[in-house]
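Quick one: structure below, then a few questions.
Note that the chains are named A, B, C and D in the order they appear, and that numbering of residues resets to 1 at the start of each chain.
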Amino acid sequence: MSIKAGVVGAAGFAGIEAVRLLAAHPSFELSAITSSELAGTRLADVYPAFEGVSDLRFLAHDDSALDECDVVFLAVPHTAALKAAPGFIERGISVIDLSADFRLKDPAVYEKWYKVPHTQTELLSQAAFGLPELMGDELAAVAARRAKGEAVLVACAGCYPTATSLAAAPAVRAGFVREGSPIVVDAVSGVTGAGKKPTQRTHFCFADANVEAYGVGTHRHTPEIEQILGAPGRVVFTPHLAPLGRGLLSTVTLQLEADAPSDAAAYVEEYRRAYAESPFVSVLDAGHQPRTASVAGSNRAHIGLAISEPAHMLVATCAIDNLGKGAAGQAVQCASIVFGLPQNAGLAGVSLSV
Amino acid sequence: MSIKAGVVGAAGFAGIEAVRLLAAHPSFELSAITSSELAGTRLADVYPAFEGVSDLRFLAHDDSALDECDVVFLAVPHTAALKAAPGFIERGISVIDLSADFRLKDPAVYEKWYKVPHTQTELLSQAAFGLPELMGDELAAVAARRAKGEAVLVACAGCYPTATSLAAAPAVRAGFVREGSPIVVDAVSGVTGAGKKPTQRTHFCFADANVEAYGVGTHRHTPEIEQILGAPGRVVFTPHLAPLGRGLLSTVTLQLEADAPSDAAAYVEEYRRAYAESPFVSVLDAGHQPRTASVAGSNRAHIGLAISEPAHMLVATCAIDNLGKGAAGQAVQCASIVFGLPQNAGLAGVSLSV
Amino acid sequence: MSIKAGVVGAAGFAGIEAVRLLAAHPSFELSAITSSELAGTRLADVYPAFEGVSDLRFLAHDDSALDECDVVFLAVPHTAALKAAPGFIERGISVIDLSADFRLKDPAVYEKWYKVPHTQTELLSQAAFGLPELMGDELAAVAARRAKGEAVLVACAGCYPTATSLAAAPAVRAGFVREGSPIVVDAVSGVTGAGKKPTQRTHFCFADANVEAYGVGTHRHTPEIEQILGAPGRVVFTPHLAPLGRGLLSTVTLQLEADAPSDAAAYVEEYRRAYAESPFVSVLDAGHQPRTASVAGSNRAHIGLAISEPAHMLVATCAIDNLGKGAAGQAVQCASIVFGLPQNAGLAGVSLSV
Amino acid sequence: MSIKAGVVGAAGFAGIEAVRLLAAHPSFELSAITSSELAGTRLADVYPAFEGVSDLRFLAHDDSALDECDVVFLAVPHTAALKAAPGFIERGISVIDLSADFRLKDPAVYEKWYKVPHTQTELLSQAAFGLPELMGDELAAVAARRAKGEAVLVACAGCYPTATSLAAAPAVRAGFVREGSPIVVDAVSGVTGAGKKPTQRTHFCFADANVEAYGVGTHRHTPEIEQILGAPGRVVFTPHLAPLGRGLLSTVTLQLEADAPSDAAAYVEEYRRAYAESPFVSVLDAGHQPRTASVAGSNRAHIGLAISEPAHMLVATCAIDNLGKGAAGQAVQCASIVFGLPQNAGLAGVSLSV
């Protein structure tokens, strides 16, 4: 089976990672890549990694080549997906959206955090949230609809919400975390998370040898994490930028119920049970901590668990590649699920970390 | 006035930074540097930065040149300072200790975390804690004793405790932080914090492009932070390693009292009041976050303050150079105070961050 | 067809890269990995990238599991391959040697540069040099012998010789380079080239933010380059270390014959002709220069060509991944050729450079 | 003595380094800093390293505060210095020019390489070339003129020419290098050399983990090196970019005369003689190579010397900080010479390399 796929917004960092994954995918056939700014340019002239490997050129966003796709991946800024998605769905093309436009179930929450009206609430109500390990039912439901010939929409989870929720959800769902307690999330992302546009912040000479927090108390991934964890108003989220390209580590500190276990091994056991069917997630032995380098370039997530006493708090950490499991890898995983393929098709690669 | 200074353990990262600062200091005269492993070796052969600048050689730890010093800086592992400090004090030589041996006021706490008996409790009871911005009274007291001719001991604060306490103390002391609430500390250090010894962890190919947590729930700086903040059992401390040489950022999340202000500006004001007499501390305007690169190579600390609602928590961040304000810079600052010099003598340098 | 493969010395950087490539290879089946120091340890405990992906454990070098292999990859230090190779060959197991032991055709040259006797001159005389793009005939010859059931030995080219020769050979072979003129090679390698052993040199805090030359005039890859280019005594080779993990750029400056073309485009044309059958080599348009990041993690080589007038010299640059095309990728490529597979089997991956 | 100094173009990387050095200088008083784009902005808002240290604001280029200066440092792009310098000289203000506008003695060479007419040939003829170690006589001459009250102009050497000439000149001047032979220069610069403007090239995600050559055969520092070495048409110059902020290493390969010595020690001796009066230059022992990290942040230059036989070529390497000895440090050194101060005034700092 060959499923024709297009990537809209293929020149950005998440887009090009989707291109890389789809170009090597056993079942998807990458047939169109678009870029508003680079239409007409050879892919290999922008990303020389493809020199000698691909003759693709960036097309315009409205190129008719997209019409022949079975699925498009939208790697565009928020609000752009609001505009683009309906047309694809109408033409019978399923949409895997990497933007934030269809992630928040409540349009009011979207409007509060993104400061724009949500113009596609009908479509929003039908979208599946794309985080297979934690919201697999939604994906199964749209996969069933797609199997009947319907074009469907998946709103893939963001990078910070993916790592943070994978770290926190099993403890929350098992009832170990104190009701109503704050969920403190300190996360660190590589600079690819800041996007391809050259700015002072992404300049090597300012980003290198530097760590800083940003968007403290205001980052738009906050309500998304709260939605996944079912913890409205409880997430205190502080993202940081560190001098690496790919990689994201989320450190989540959770107040445990008084009667929750105080040995890390119990949590390791619980998490392994929770992720038993999730081939991309590894829960490390107690006493081990995940390294972002060990998952960079892959779709994998590594989780570490430790207890801090006497405060009786769980410190759960999760490392992912923000462009892999945090963006394009997850999108391909979701697309595979939607199209009835094994979820790890084309995603077997491991990190290059020596 | 020329005060003769020696550095014991000068070949390690904190030691060599003390050497660099003392070699350029207007009042201290660097007269002896020692290393157990490198005795006899030219300083410039180990650290070529000193090539053409200094003809110093590392001496043995027991070299008689130390006897002529007015002050020695101990940059040795813990327990080694326990052994070395008494002899210097007996010979009338003041000691600025960069190790952890005399930081914890309660020997039982030391023994619990360091797993060795504290053999110098008498000396411990007379030591000043070296964190001038928060524990200035102790330093003033030993400075007065030293002015009368007594040899005194300063136990300089550790790197994480310095950044964390500078970030948290004014809010705690002003009564803004809820009594008994956990103090969540997620901090990131550069690789110099892992020491000079080559290990797999400090190997470029494992440390580069990687972020990871370590020592979760067990790091020995935990009780030190609790002591400074007067918050026993409340600190949940998760240190991380990131791919930079120098630099440390501590992100502290504090549960505010219900009636504490909810605008960051109020905290900025309070912190500026608290640090009005502290020339090395800058409290940034609300909405700004400190960058480790902007303090690397200096003795400065930059603090950022933000509020996360509706959880009503303060996120206080502090950036320092772990070898500067977090080790050797602070040691020189303390030494200056002890010897009646301006505390910023020899410490005016700013970061090289372009 | 499944060909059983083993990796001897699998814990080093070249070895683990071979493991990564063979584990995902469509025709080789990775059945044994060995390490002298880590025998018994789980692969994933040393390289967490394999966590959740592989249950392999390192075996001892003499483990009988190797006996069942069709081919072994030797990723061991020089002289160790001299000792290990004959036994495998005798047992009918072909050997792909990543070490330097069988690269130099003349044992006297080996002995001069490596300061040890060459104890396997008979085997040496039968070995093929593993650089398919430039010495394809030797590989074809051993492939023919292997097809008849013989166990054969391939001595894969080193990292610097690979990049340097790919950059220089077409110009030399076309007669553009002045007879007897010096061949100036300045090359830069990432720190993986310095090996896995932690040393002061590979310590993050010494390797980061630093560039330095090393082994000037004495590096053992010098005679290997001279052998490939047929230019004894003419190579002036200066390797450098730069702060990156993977990646190697060789810049070769060649004195052109007076009547050789003076426009870069003529050389681009010649090089593209020379590499027309080489799927891993891309010759960039005149005016473009290769980036190591664009080939890191792949088996590809990118070549740039420019002319410097009035000195009438060709500056040819070649970027490879020192662990990929410079080591394990090349080894897998050679093994595929030897076993009659397409040379790019299992090597289609492109760089992760965003 | 307090000499009033201004920095024109203070917001760029060379400019801000001049600001940093002058702010801490014992004899110069930094009284005005200008920026065309950032006039009115606080210095500390652009470079937070100055937070709590300096209240300076960027002024417009034509601010009258410059009129009161004794000396201005021009850290502006080429052609801008052509326009700005004459006005300062006319007003009696000496000019230390960090741009390329007055470096090339022959206006025709300037026009050939910079593609614009040289509009200030009279001023050019009076300018001193600012490379004290090799062209000290020119500086002495303008210092004498300035001592008589004349405003003078110094054209500071560029970064690559400084490192390259320091590496090559003593051998060339001693007659060791074969007449007319090509001088092959492969040099590596950190990303600060690419300037402050954010571009794809300076984006962390493209610059990190990457080495590449650029400007091969066309870089404008080529004629400057040829001028210093008195070797017109002989320099083959290939600059490279590597993933570090500050630091530049130039590797120069020189064909020796047949009767020139073949042991490195002889060159070390000759170089030490040549630089005996140069406090910033260290010639390392034979067998040692300079590290850029060991000079970063300082005004120092480290030189390594090795011989490659049988080609009988000298490989001379020189490491500097491209913003220090390669730009602002050298400018301050030249200014000190011009104003009769010790040339190392304010430049005693050593690298922070641990």
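As a working rule, contacts are C-beta pairs under 8 Å (C-beta built on N, C-alpha and C of every residue); 3 or more make two chains touch, one makes a residue touch a chain.
Small disclaimer: the values here were computed from a predicted structure and weren't measured.
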Counting hops between chains that touch, how far apart are chain B and chain D? 1
What's the chain with its C-alpha centre farthest out from chain B? C
Can you give the whole-Å distance between the Cα centres of chain A and chain C? 36
Chain centre separation in whole Å, for chain C relative to chain B (CA means): 47
Inter-chain centre distance, chain C versus chain D - centres from mean C-alpha coordinates, in Å: 39
Residues of chain D that touch at least two other chains are 13, 192, 196, 205, 208-209, 243-246, 290-291, 294, 296, 353-354
Interfacial residue positions of chain B with respect to chain C in the complex: 13, 191-192, 196, 198-200, 202-205, 207-209, 243-245
Where on chain D does chain C make contact in their complex? 182, 184, 186, 188, 190, 205-206, 208-214, 216-217, 233-238, 240, 242-247, 249, 251, 253, 255, 289-294, 296, 304, 306-311, 313, 315, 317, 319, 353-354
Quick one: in the complex, what on chain B touches chain D? 13, 16-17, 20, 23-24, 47-53, 192, 196, 209, 245-246, 279-282, 284, 290-291, 294-298, 300, 302, 323, 348-354
